[in-house]
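The letters A, B, C and D name the chains in turn, as written, and every chain counts its residues from 1.
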Amino acid sequence: MKHGFALFGAGRIGQIHARNLAAHADVALRHVIDVSADAAQRLAAATGAQVSDTRTALADPQVQAILVASSTDTHAELIQAGARAGKAVFCEKPLDLDLARADASLAVAGEAGILLALGFNRRYDPAFRRLHREIAAGRVGTVEVVSITSRDPAAPPPAYVARSGGLFRDMMIHDLDMARWLLGEEPVSVYARGSALIDPAIGTAGDIDTAVVVLETQSGRLCQITNSRRCAYGYDQRIEVFGSAGLARADNVPATTVETADAGGFTREPALPFFLERYAAAYRHELDEFLEALRGKPAQLATGADGRQALALADAAQRSLETRAPVLLSR
Amino acid sequence: MKHGFALFGAGRIGQIHARNLAAHADVALRHVIDVSADAAQRLAAATGAQVSDTRTALADPQVQAILVASSTDTHAELIQAGARAGKAVFCEKPLDLDLARADASLAVAGEAGILLALGFNRRYDPAFRRLHREIAAGRVGTVEVVSITSRDPAAPPPAYVARSGGLFRDMMIHDLDMARWLLGEEPVSVYARGSALIDPAIGTAGDIDTAVVVLETQSGRLCQITNSRRCAYGYDQRIEVFGSAGLARADNVPATTVETADAGGFTREPALPFFLERYAAAYRHELDEFLEALRGKPAQLATGADGRQALALADAAQRSLETRAPVLLSR
Amino acid sequence: MKHGFALFGAGRIGQIHARNLAAHADVALRHVIDVSADAAQRLAAATGAQVSDTRTALADPQVQAILVASSTDTHAELIQAGARAGKAVFCEKPLDLDLARADASLAVAGEAGILLALGFNRRYDPAFRRLHREIAAGRVGTVEVVSITSRDPAAPPPAYVARSGGLFRDMMIHDLDMARWLLGEEPVSVYARGSALIDPAIGTAGDIDTAVVVLETQSGRLCQITNSRRCAYGYDQRIEVFGSAGLARADNVPATTVETADAGGFTREPALPFFLERYAAAYRHELDEFLEALRGKPAQLATGADGRQALALADAAQRSLETRAPVLLSR
Amino acid sequence: MKHGFALFGAGRIGQIHARNLAAHADVALRHVIDVSADAAQRLAAATGAQVSDTRTALADPQVQAILVASSTDTHAELIQAGARAGKAVFCEKPLDLDLARADASLAVAGEAGILLALGFNRRYDPAFRRLHREIAAGRVGTVEVVSITSRDPAAPPPAYVARSGGLFRDMMIHDLDMARWLLGEEPVSVYARGSALIDPAIGTAGDIDTAVVVLETQSGRLCQITNSRRCAYGYDQRIEVFGSAGLARADNVPATTVETADAGGFTREPALPFFLERYAAAYRHELDEFLEALRGKPAQLATGADGRQALALADAAQRSLETRAPVLLSR
């Protein structure tokens, strides 16, 4: 039996999901909804879905799940409408830029008893999944220090920055989720420093483009995260987990293993350009896991609650940046 | 417009091609033909094709191309029948185990004026394509020495060995094709040594499981190839090209970039297990290139003539092994 | 002409310096002084020096320089005595555990106009020197983030910890010096978190064994440092410098480049065991640079002032740990 | 007690040995002999030895061993004279360019009962020693294929080539020795191909600059060797040993572990420039092993017999090149 889906959002991320939904043997993509009629039309045509509006899509009894890939400010409303219609929801990150609204969405989803999954793509990346398995299998012993490096290839336009919620909520939120996932304990304090070193316009917009964060858990485990909005050698996505028995780490992924050598040395390819390439497999795997969960089977999913906790950490980082002091997290 | 295909062979390789044909937006897989009705039925059901026989498939005017993935002893007959029916042919390696029969197929295809492509998967592997591009771009200067390492994870059963045509025609033929492709010149001599070190049954069957070959071209470029039918650390597929300006090489591909470290050192994952994993992308790319050629566009294809030349080199290697002398190749 | 030296301290570090002094063509090691007569005797015998006391050594007109490798609590007194005697001083780190005493030593050395160099061994390590040269040559563009990983192979005994001044002054002081050297700007704030995760006795002694520190400079450059007192895979000494044009990093050094492969993957050797092995070349190079400076030539030396600044940063880190707040540095 | 040495040859290799002999605590370098009085004088002055002639040096009862680093055409005479004088002999490779003369030297040394060691420096390289230990410890199971890559940074002048005995006796002789050492069995056949691709003057001189060789042992183990007289990325010295249980390999050695990254990718340093750098440690270790043997202790030494066997293989390779046929080796 195929699972009926409605897709909200026909932009860059929506298109990735549309392709994966359309290609999946167990999925029927029935509706595409977007504020741009053109974009919705093109994506519907390419995938065999129909262009719909929210009301129609949610009223369709053959729609079992909705995938929310529209703009962030629509997430809360769609999650809640979907939940009230009894649909399972797979929502792109972030849940919202406002913690109270995120909590409201969780409450509605909880009352409705629906499945609410969050699209933290990195949890589904083959390298990071393997890293998580190694940790879970005790390969590094007790986790002591997690180090996360995450750098985008190029800074977004200032207009994007203005709507983004800031680097912590827009970009580092991924790393904050990875930190929670790999530390195995909740952070109890957050300290953040950041600078606008790349583009003065980002600083003018009140945001930063370069950041370092330190997290600490109750038992004293530590995490360090560094972000940059610009990276010359591709999309820099690396994680190291250090523990009592050793280290496990996931390195960047090159396009191929080709290496050349001359008088200048041995040169390997740069990291894959950006998330579309690096997390192509992750986007497929997150759909697979969501389908497993829909069938009531055990699945490795980032949940709405995970989205909420990452947002709370991002908020704390932002507050730490502004106050120049560590922020303690109430539990 | 979709290109109609008929697929011959529903075994392991046939299934790969079937999946790629069925998933391709520009292909209509219309017929599946196999000596096993059950296998054909399963694959046809999974791909929306119909089970056919050769006559029906070749008579279908909507079939533009046939993909030959049936057993080696059927290749010549199908190529020739396809060519006479005016179909383009994509044939799995080898063209045949007998050079005269291979030549006959080339002749028929030539007379019919059809496109005849050969499934030397490595030519379509992203790493080896990039290697080839680097060479073509002059990155290593003038090519001087090509070194190819190719090791299967485990020896095939003796029954397979008996029908295989021997290690050179069955396994090293891929490397001989890569050698021609990367040397940029035709070999004029072949020297081969081999041993049955892994499985005595292979030796009893008159074959070898471990081999080293040296090729030389007219201008003095050299190539060394080593094969083994067993490899503890996965499917070992590496190539180095050395030239006047430096080196270019393609390394093995691991499942992920995860590395662990403890008192024993730093450990990366083994090579991908076998060709299904390592050449998954190559199987998709070879179909793309074939479609480009079908549309009359420039395409990077191994042709029937390439299949013929690789077989001639494999024959020469076998003769060298038996005579313990280098074999000169007439041009 | 040979430069006459007196060596204070015949322990582990003293022995390294003694060997290098004795083997150096331009050095005459004349005096060895140690509280243990036996240790002094053994080292003097092995190097052709004589056992002396401080007074004798400093009164020797052929002694041009003293090398202070005795216990930390003797550094200030020896620096000052040496300075007053007009000797150049090469002092092992740290200058002192007390900033006021360190300042006093700097003042005396300044008045005497002598050369005072500090044995921050990492500045002389071939890999880190090369890293520094790449940065200076603009290879990464403008420096934005420096990441330093430094892990000892095994925790010291609690008795050592009690006298050590704590992890920041004893261990991280090296990394704080590297941070200054590579950031190219002075840090203006320090934030530190630390835990006793390895040995509860370290916690009982009031110290930590695992730490993360964040530094920030006036222009907004950031540095993250992580330390551990125990590391399963050897002496972990890595630095990454990220900037507007890319990345430069120095990886760990294995004993050899040998790699083995089996079904478990590809395994390289662990990092060299500890500083004696990893910084063997650095100990030789620091002597060479000191001799260059003695001859009045340009030399790359960590100075007394560098030792003072690193100590001030370590103090700030300790205060940050205790107050759970970032510490601002007055300039 | 110090072992008295006389050193023959004050050229490039002689100078390396002189420095190591002079710096060794257990050695007294007493005599330096060279056809150039100036060269001998300079080296004697630098090491505290005296300039001598052969007769004087061999008559010195305090000379226990001679180190022969003079030109190849003097080796046989000096070995034999040393042996007749009862001196142990450490001889630089090759023993001789003529097998009969090499055999004569072995016979004289055998009759005299002296220790005759050969300076195949690679046997003492830390990486290759570790490789050998891993093989001996069964890490790769039964050895099946040895692959040796050896490339000099730049072609020697034609005048050197003319006196060198040709690429096989001058350069590949090292690799042929490594092959014997790592195969664990004697080769029974040799096949060689070679070209003059780098410098036409080398071809005019009757030699080659690029070569590939295949060796086979009685039990069917195989070895492939490739040599080039020019290499853009440093001194390329790599060995792989493949066996029933996996692979062990030694990679090139860079000056440092520094890596830089930008849009062009990740770049590590080239291989160390040439043998002086790459085998600096090996030259010290070979002296240590020779001293162990002098004291009657177990030592890992390449012997005169090893030098003889490698020369026989080089002769066979040369004959194979000329006859275009494999050469069988009588045992």
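Things to note:
Simple rule for what comes next: a contact is a pair of C-beta atoms (placed from the backbone, for glycine too) under 8 Å apart; a residue touches a chain by one contact, two chains touch by 3 or more.
Note that the structure is predicted; figures quoted are calculated from it, not measured.
Chains that touch both subunit A and subunit D: B, C.
For the interfaces A-B and B-D, the C-beta contact count is higher for B-D.
Greatest centre-to-centre distance from subunit C is found for B, with centres as Cα means. Measuring from the averaged C-alpha position of subunit B to that of subunit C gives a distance of 58 Å.
Centroids built from CA atoms put subunit D at 42 Å from subunit B. Looking at subunit D, residues 232-233, 245-247, 261-263 sit in touch with two or more other chains. Interface residues of subunit A facing subunit D in the complex, by the touch rule stated above, are 232-233, 254, 261-270.
Interface residues of subunit A facing subunit C in the complex, by the touch rule stated above, are 141-142, 144-145, 147, 149, 151, 189, 191, 193-198, 210-212, 214, 216, 219-224, 226, 228, 230, 232-233, 236, 242, 244-247, 324-326.
Taken together, the subunit D residues at the contact with subunit C in this complex read 23, 126-127, 130-131, 134, 139-140, 245-253, 255-263.
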